[in-house]
Structures are given as structure tokens and as C-alpha cells.
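Consider the two complexes below, in which chain A is the common component and chain B and chain C are the respective partners.
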Partner chain A sequence: MSEVKTLQNGSGLFGYKFLKYFEIAKVNYFNSSAYLVNLISRSAIVVIRIWIFTQLYKVSYSISGVSEIGGLTVAMVVWSLMMTQSFQTATRPQLSKLIDEEVKSGTLAYSVNRPYSYILFHFSGFIGRSIPNLFINLFIGSLAAIVLVGPIGFGWKALVFGAVLLLFGYILDFFVSLIIGLTAFWVEDTSAFTWIYSKGQLVFGGLILPIALFPDYLQKIAELLPFSQMYYGAARLIVHFDLSLFLQYFATQLIWILFFGVVAYYLFNKGIKHVSVNGG
Partner chain B sequence: MNKTVIEVKNLNKEFQIKQKSAGFIGGLSSAFSPKYKHIKAVDDISFTVEEGELLAFIGPNGAGKSTTIKMLTGILFPTSGKMKVLGFNPSEDRQKLAYHIGSVFGQKPQLWYHLPPIDTYNLFARIYELKPKDYKERLDFLVEQFEIQDLLKTPVRKLSLGQRMRCEIVASLLHKPKIIFLDEPTIGLDVVAKQHIREVIKYLNEKEKVTIFLTSHDAGDIETLAKRTVVINYGKIIFDDTTEKLKKNFIKSKVIELVTEEPIKNFDFEGGKIISRTKYSLKVELDTAKNSIDKLLTYAMDNFAIKDINIFDTPMEEIIAGIYREQKV
Partner chain C sequence: MSLSTVAKYISLTWEMTKSSILSAMEYRVSFLVQVFGMLVNDIALVAIWLIFFQKFPSINGWQFQDTAMLFALTTVNFAIVMIFARGAFEFSKTIARGELDYYLSFPKNVLWHASVSKTDISAIGDLLFGLIIFFFSGDISLEKIGLFAVIGVLTALIFLNFIIITQSITFYVGNFEEAAEQMFHALLGFTLYPQTAFYGALKIIMLTIIPAFFIATLPVQLIQKFNLEFFLILLGFWILTTIIATIIFRRGLRRYESGNLINVKM
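Moving on, here comes the complex of A and B:
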């Protein structure tokens, strides 16, 4: 039998290195989409929320007696909320919870001692898990939005630039979730941090109220926070394209990604020396 | 002369465990002034392992076995001391070392639960950067040796523990590691599954010349597999010699339980001491230096209407107590 040769770390072809992360994303994709019924039932929550928001915003707009607030019609608001809800729920189960569980159960023993970057391993998994959820959420959510408020038109520019913001939004969400998960190296339970983070996303992430509807001063603050740069930016751009808004959001995203990326890298390198794997 | 592949010198690992008093007040006070208990999980141990060796690293629960393995594989950082595995320092070169070692943690799964094992194997082939041709040859070979052809496409959650463990070991061998760390590979398995895993481990060591570092608290694993045994207790090495010597001096007995159809009246067998009895069962401690299990079973079958027989290995605690007794003498 021939000797199995492995390429040593640092001397491997870029193709080999890249392919391992692609494969990690692929396995996560299949694992996440193993049960179609579960996948669809998870999307049902998006439909229920959209229905509630539709009733709420139809009443609010009619009481105000206006057809547009902050440049958004009721249909745009509902589509925007459907998108932010779909984008965000697609990342479930939360990465911070998975890492917390990994440390508590001791399976960290396997995820750490493999020839790959731990951070890229989790990033590939995060993207792979989110893809099937994202498409099912968007498909079911769009059907619900069409039934509830009718279709809205968006051009190719809105979709392309929105997709760019969404991709970078996922990267930002990944780094913040990773940081929360990595705190499990020091604290016994990270659920309090996860709770605060998800509530921050709820209020400032455009998940229940589009930021365009905020008062001006609050809108300016919210647009500078990382929460709005995860999923709201992409949804806002898709329903109402504006190139200057894209540039503003994209620049804010990059600054936050750089900041949280450096923090996550530092925390991992510090935390790995501090880790105590439970159960021996 | 064989090459040294694992070198450990004065290795220590201390953990800080937060102490919390009971109740709300206790919880509140520990939040403001936390108290920590320092535990020496590994206490100044030194040993070497030669290439091709099958070393049993044994001890009771919490003795420091898994902590040692996790330091040797780069998962945990030692508090102090030196270690080299295949010339690498696991703490500094964890990723480089990972290409050359494999590990199986018996209580922790590495296979994807909802997917069949073949999906995990394909993933590992990429992670370890195996060439497709080499991977295919290696997989075919392992599938045949471990008899897992029928399990390859079954979701892991549908496999029995014994089947899963065989698939777990295959996952750790795909990249042809030079050393494999097996942490309690037979834990929770039934007798037949244990035997199967032991045969596989033996095969790896004898035919593939893989160095095996095996931890277990099952004396049966050690007796059947290892030529050399290291016993660790409270983080300290208390025995490091041949398994033959360990068996001769400290694994002197087996406990045999006989369950009968009719009440046992007279039991008289040389080397067999009754340790407990009920109307229809008898627990006998057999001194294996004086008599063999075969002979005891023949005696039991000839004299009693046997319904069931159970054989138990010497508990780890008893082996350790024996070692301590000898050290005191």
C-alpha cells in the first residue's frame, strides 16, 4: 500500500488550503439541510412575525395618514423586515451557543487539534449552515410578503449591492458571535452575553423597526452601531437603492469587521492558553 | 534501537476551579469575592515513548490521563515542564503536529451526528490535504479492516455505540498518523464490541506499526493489549513498567459471578474465595496465580445448574491500592 503523503502546514498549495474550508462549509450545509421539514418549520416563524408586522404597520401608517415614512412605504417596511428576519434567523443555531457548548462538552478537543485555522473552521461552518436556512427563509418569507402586501420592484443594482452588504453583514455577525462564544474560555456561561447581543440586534438591527423610521438623531446613532450593519443595511438597500447609502454602510461595516476581527483573533490566541476542557 | 517519539519531562498542569457556596447569598458572595481551588491535574510527570510502542496509560477517573493526552495533542497548555511529540512542541506547533497524529476521545464524538460516516471521512480527507488517489486507497483499506462497509452510508445517529466507535477510529486513521492517542476507546461498550476494538488496536500497532498511546480504566484493555503500562493517580506516575509485572504483582484476581437454577450448597474450589452470596448466586474472587478461570468454569458447570456467568476485571482502585501497599513496604 502506498504511503499517504500529507502536505505540511505552510507548504501546501493554496487550492488545498482553500478546499478544506469549502468542504467544511459543504458538510455544514448538508448537516443543516438533512431534514427538510425542520428547515421549513423553522422558516414558519418568519411568516408569523411578518403577519404581525403587516397588521401593525398598516394601522400605524393609516393613523399617521401618510403613505411614506423615511422614504419607505408599508410594503417596503414589510419586505425590509421580512429580509432582516430571514437573514438573521438563517444563522441559527447561534454560533456563540455552539462554541459555548463545544467548551462545556469537551468536543473542543477535536475542533482545536486539526490542521486548520479554528476561526476559519467556524466561519466556514457558519456560512455553510446559514445558506440552506437563508434560501428557505427568503422563499417562504417572500411568498408571505407577496400575499400580505404585494410585490415591490427592485433592480439588479439593489440586489447586487445588497448581496455585498449581506455577505459582509454575515462576516460581522460571525466575528461578534465568535467573540461571545470565545468568552466561554473564561466564564462558565455565555448565555447572558448572547441575550444582550440578540436584544441589541432586535432593537438596532432593523428586525422589528426599520432604522429609517427612527427619529433623525437616533437614526444617525443606530447607523453607526454594528447591529444595523449586519442585516438592516442589506435589506434597506434592496427595498430602496441608494448608492451613497451603500458606500456609507459598506465603510461602516469594514471598520467594524476590522475591529471585531482583531479582537476575535486576539481573544482566541489568549483564550486557547486558558482553556480547560471539561470532563478530564 | 527505536526512536523516541514522545518525550515528557517534569510536566505539570494546574487548574483553577471556582468555588461557590450554596444558595443565593453564596452565589452573590462568590461573584464579588471569588474563591478558587487549585487542582494539580498532572503533577511533575516524566516518561518517554518509543516508536511502535503500545503504551497503556491508566488510572481511575480524574487521575490526569485525559489531561496528559490533551497536553500531548496541543489542546491544553501545560503549567510547566517540557514535552516533545515527534519532535514538535505541541503547545507551539499544534497545527503542524496535527498532520502526524490521530486522536479518539471515547466519550466525545467527532463524526457528524446527522450525516453518514462517509461525509465526515470526505471532510477529513480535505482537512488533512490527502490526495484523492491516496485517500481512496486508504479508505478502502480501512473499511475492509474495520468491517464498516455496511455502515458507511448510515447516519451516525443510527449506529450502535460499538459500530460508531469503529467508525470514529477509522476517521482518526485516514491521514495515516504516526501516533494515535486513544482516550477510553472501549468505554461503555459491551464485551463483544470491546473485543472487536481491542483486535483493531492490536492490528494497528502490529501490522501498521502505529505508536499507540492508550488510556483506559478497564484493566481488560491493558491485559490484552499493552506490553508497557504507566499508572497515574492524583496526577503522579506511580507505576511505569511492563504489563506482565503489573499483572503478576497487582492484577492477581478476577471476580466471577455464578447464577444458578438451584441453591448452591457446597462451593469448594482452590483459589476461589466467596465474597458474596444469595440463594441463587455466588460471587467468587479467584486468585489467578493459584487457579485459572477455565478450571473454575469447568468446576461450576460440572457441579451446579448454571443459568448465567459474569466475569469482572480487578477494579482499577484495587490495582492502585496494591501499588501503594507495595511502595509503602
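Moving on, here comes the complex of A and C:
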């Protein structure tokens, strides 16, 4: 009711307009945190994964006889992998699949007629869903990392700049997922695109192997690709802060967001022309 | 169960899978996209280990060739399960929704029928990938091909038992769908890494709750260097898991309550 009053008073129209997106995010937030058992089983997997990384990299570093590779120690590698995994898995269920289903089932036809922007509606849902998962993943992941490799120090600067990269990383992931989902307007089956996208993230997104550990020439390529700019950038900066690296990652991120944002907007407007509402 | 019954079930499994694949092939583009999409997906997984082994050439004697063989075996055993018995992967959902009724009315074994009722088309891509990488993974002899085939099928059966056990827990606790799926992903997760890196309590998990040791570690060793004793251990583990899976499913089925759903299967 309060939002209705604000509107009737004639003031805060701008605030009202954005309030609905906040409400969408809130609904998705509570929906996602309601299934505690699911969250716990997901967390157990996060712990096992970090445990695997710890043993793998401890063995790998000790065989190489070095304590630091590309500026990262074993503890930093494990923390950075914990973070990229936590950031990425928090976005489940996959947005591309949700959009794909809406396009195929035709529910999109109803959504586009409602008084909100379809793209902003999904963005709010995407962020709202991800937040509770993100905090639980990070909480469980950090506990596991502290037990397995011990704490690592990171200052407020690393956290603040890392958070900025993470937020923009989510925007970038959102646009690419949206594009994959929207291709359902033209192709029968989008699942292959989803697999390839997630494998792109796995190889170049620092989810198993941090890009700092790549051979030099490959590292340069990987850092220019969008996959590394989603979640690896934020994690890398948090474990080992470097202002020039932040500027480089942030600039790359913005260019990709602009590119994919334009493509998504174009595809959405083109696809929407395929929609015919038959009523009933 | 007599031998002729086993033969009948095998031939029925083949016929059911064949008809699933043929009906999926009616949608030609979708079929090809799924198969080749999965092939590209698997190639990306190998790519990451190519990069890894450039930095760390050997992990306790485990080299890139071992990872290649590991991927060959695990994609093939995964594919066998998903092509012939994808239904098992959905037991939890089927049980929770009371949709098992459909299979109860048939004269054939319920566990078998519900398992073979679905085929994962994209798994054909995994099978192709596994076979290709096997033939490129070093010196291939007739003996090795035979060994790979036998161990591929044996580990697929162990994999299937693991899926049946975890999915059937739903009979007893109600909602176990997501947990069962997470356990499945944990098992797959273990099969990605150099197997010689693990030790201590993590190794115990691999030997028990999430039996990656019997699906990945031991079978890869066997293919590379056959050892009768290890082979018998693998065979014994298959028999043990088959007994556990059958008991858990049968006992669970007695607790099953119909959803009173009327479904029309086309």
C-alpha cells in the first residue's frame, strides 16, 4: 500500500518506478533462501570441491618446488578458486534455461505486456536469487578454506574494488545468459550453447585453474576474453590487490558489457516481433 | 535369474533405447546440436588439463596421457548409463511425484523398466568423445580395446548402482532430489582431476560415500596395467553395490504410495 500512496501523492515517481524491481529481487531472494536442505547439500559439494583443490595444488606446488606462481601462493589459489566457484554457482538456476523455457512455452508473451521492462525484470530476479546463495556459499567456502589452507589477509581496498568487479561481472554474465536464452526464438535447442558457455567459463574463467597460472601468452588472451571478466577478475583482485590490474579488468568488463548489452537489446527487440498473443 | 532371462532383458533394453534414439532423430537439427554440442563441451574439459600439465607436467607420476585415459573411460561409462538408463537419474522425481504407478502395471521388472524408459541424446556425444580420445591416447592393441570395453561396461554398472542407491533414498526421506543430484555431481567432480593428488580423509570419501575410486582411479590403472587381483576387487565392488541397490530399491518400493495420477503415455 505504501507504494500506492507515494504514487498518489505525486512525489517519488522515480522511486516508485524502481521500487517494483526491488520487490522482484526481494521475492526471488526469499524464494531462494526457503529451501534450506537444498542449500546445505549444495554447500557440502562446495566443501568437497575446495578440499580437492587444496590437495591438488598443495601436491602440484610441492612437486614444482616453488611457493609462489604468478604472484599466487597455494592458499591464494585455493581462496581465489573458492570465490570464483561461489560467485558462479550462486546464479543457479541458469538464467539462459529460464528464458529459453519462457520463449518456448510462450509465457514471454504475457510478461512483455506487463508494465515493466522484461530485461530489468529478469535482471532483478537474477540478482535477488543470487544474493542468498552467494552469502551461504562464501560463508561455507571461507570456513572450509580457513580449515584447509588457513586465512589470508585482504584489506578493505581489495574487498571494495573486488565487489565492484563482481557486480559488473554479474551484469556481464546476465547479458550473455540472456542472449543464449533469447536464441530460442530462432533455434530449437539452446542447451548446446549453454554447455559451451559454461565450459568457456570453466577453462578461461579461473574456476579450476587460476589464469595467473596459465602460460604467459595464454594468460594475455584469457584476460581479454569475457569469461575471465565475470568472476575471476573479482576473486583475483581480492586475494592479491593491484590497482593497475583493477583498471585493466574494469575497462575490459565495461567494453564487454556494452557489447553484449547492445546485442541482447537488439535480439530481444527482434525476437519480440515473433511473438503473437492469441489470448485465452 | 536364468541366462535366457538376462538375454531377453538385454535385447529389450537395446530395442527400447533404439526406439528412443530413432524418435529423437526425427528432430534432426536438435539431435545433431545436442550430440556435437556435447562433443565440443568435452573437448573444452580436456583443454583445461592441457594447460594445467604445461605448468605441472607430472602429479605424483600422473601425466596428461593418464588424464586422457581417465576422460576416455569416464565419458564412456557415463554415456553408457545415460544412453541406456537415463530414467534411473530421475527416480527421485518420479517417486516424489507418485509417477512410478505407470511402471507397476507392467509384467517386467520395475527397476529395469523405469531405468531404461529414457535416453539422454547428448550422451551420444560423450560416447563419441570417449572413443575418439581412447584411440588417440597412446599405443592401442586388440587386448587393450577388449579391456577398455569390459571395464567401461563394468564401471558403468557400478555408476548406475550408485545412481539407483542415491535416488532411491527418496522412498525413505521424502525429498532427496537435489541432494541425490549433488552427490552425482560430486562423483563426476572427482573424476576430473589427477587421481594421484588425493590422500587422507578425502581418499576415504572416494572409497565409500562417493565411490570415484571404483569408477575412475582403479579402472584407469587396470586398463594401463592389468592386474587380476584389482580386477576381482572391481568385480566384487560391482556385486556388492548391485546387492545394496536392489535391496534399497525393493524395500523402498514397499513404502511407495501412489500419487493416484492418471497419466497418458503417448
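Observations
The working rule: the second predicted complex is superposed on the first by the 261 of 280 C-alpha atoms of A that agree within 3 Å, B and C clash if a C-alpha of one lies under 4 Å from a C-alpha of the other, contacts with A are read in each partner's own complex, and residues count from 1 in each chain.
Rule of thumb we're sticking to: contacts are C-beta pairs under 8 Å (C-beta built on N, C-alpha and C of every residue); 3 or more make two chains touch, one makes a residue touch a chain.
From a predicted model like this one, the values you see are computed outputs, not experimental measurements.
Of the two partner chains, chain C is the only one that A:I45 touches; chain B does not reach it. Legend: residue contacts after superposition of the two complexes on their common chain; A:E188 is shown touching both chain B and chain C. Contacts of A:V275 after superposition: chain B is touched, whereas chain C is not reached. Contacts of A:I24 after superposition: chain B is touched, whereas chain C is not reached. In the overlay built on the shared chain, the residue A:V112 is in contact with chain B alone; chain C does not reach it. Residue contacts after overlaying the shared chain place A:S62 against neither chain B nor chain C.
Overlap of the chain B and chain C interfaces on chain A: residues 35, 188. On the side of chain C, the complex with chain A involves touching residues 27, 29-30, 33-34, 36-38, 40-41, 44-45, 47-48, 51-52, 54-56, 58-60, 122, 175, 178-179, 182-183, 185-186, 189-190, 192-194, 196-200, 202, 205, 210.
Contacts from chain B toward chain A in the complex involve residues 15, 18, 61-62, 65-67, 70, 73-77, 94-96, 98-101, 103, 105, 107-110, 112-115, 119-120, 122-123, 126-131, 134-135, 137-138, 141, 155, 174-176, 183. Chain A makes touch with chain B in their complex at residues 1-10, 12, 16-17, 19-20, 22-24, 26-27, 30-31, 34-35, 105-110, 112-116, 188, 272-273, 275-277, 279-280. The touching residues of chain A, counted against chain C in their complex, run 35, 37-38, 41-42, 44-45, 48-49, 51-52, 55-56, 59-60, 63-64, 69, 187-189, 191-193, 195-196, 199-200, 202-203, 208-209, 213-215, 218.
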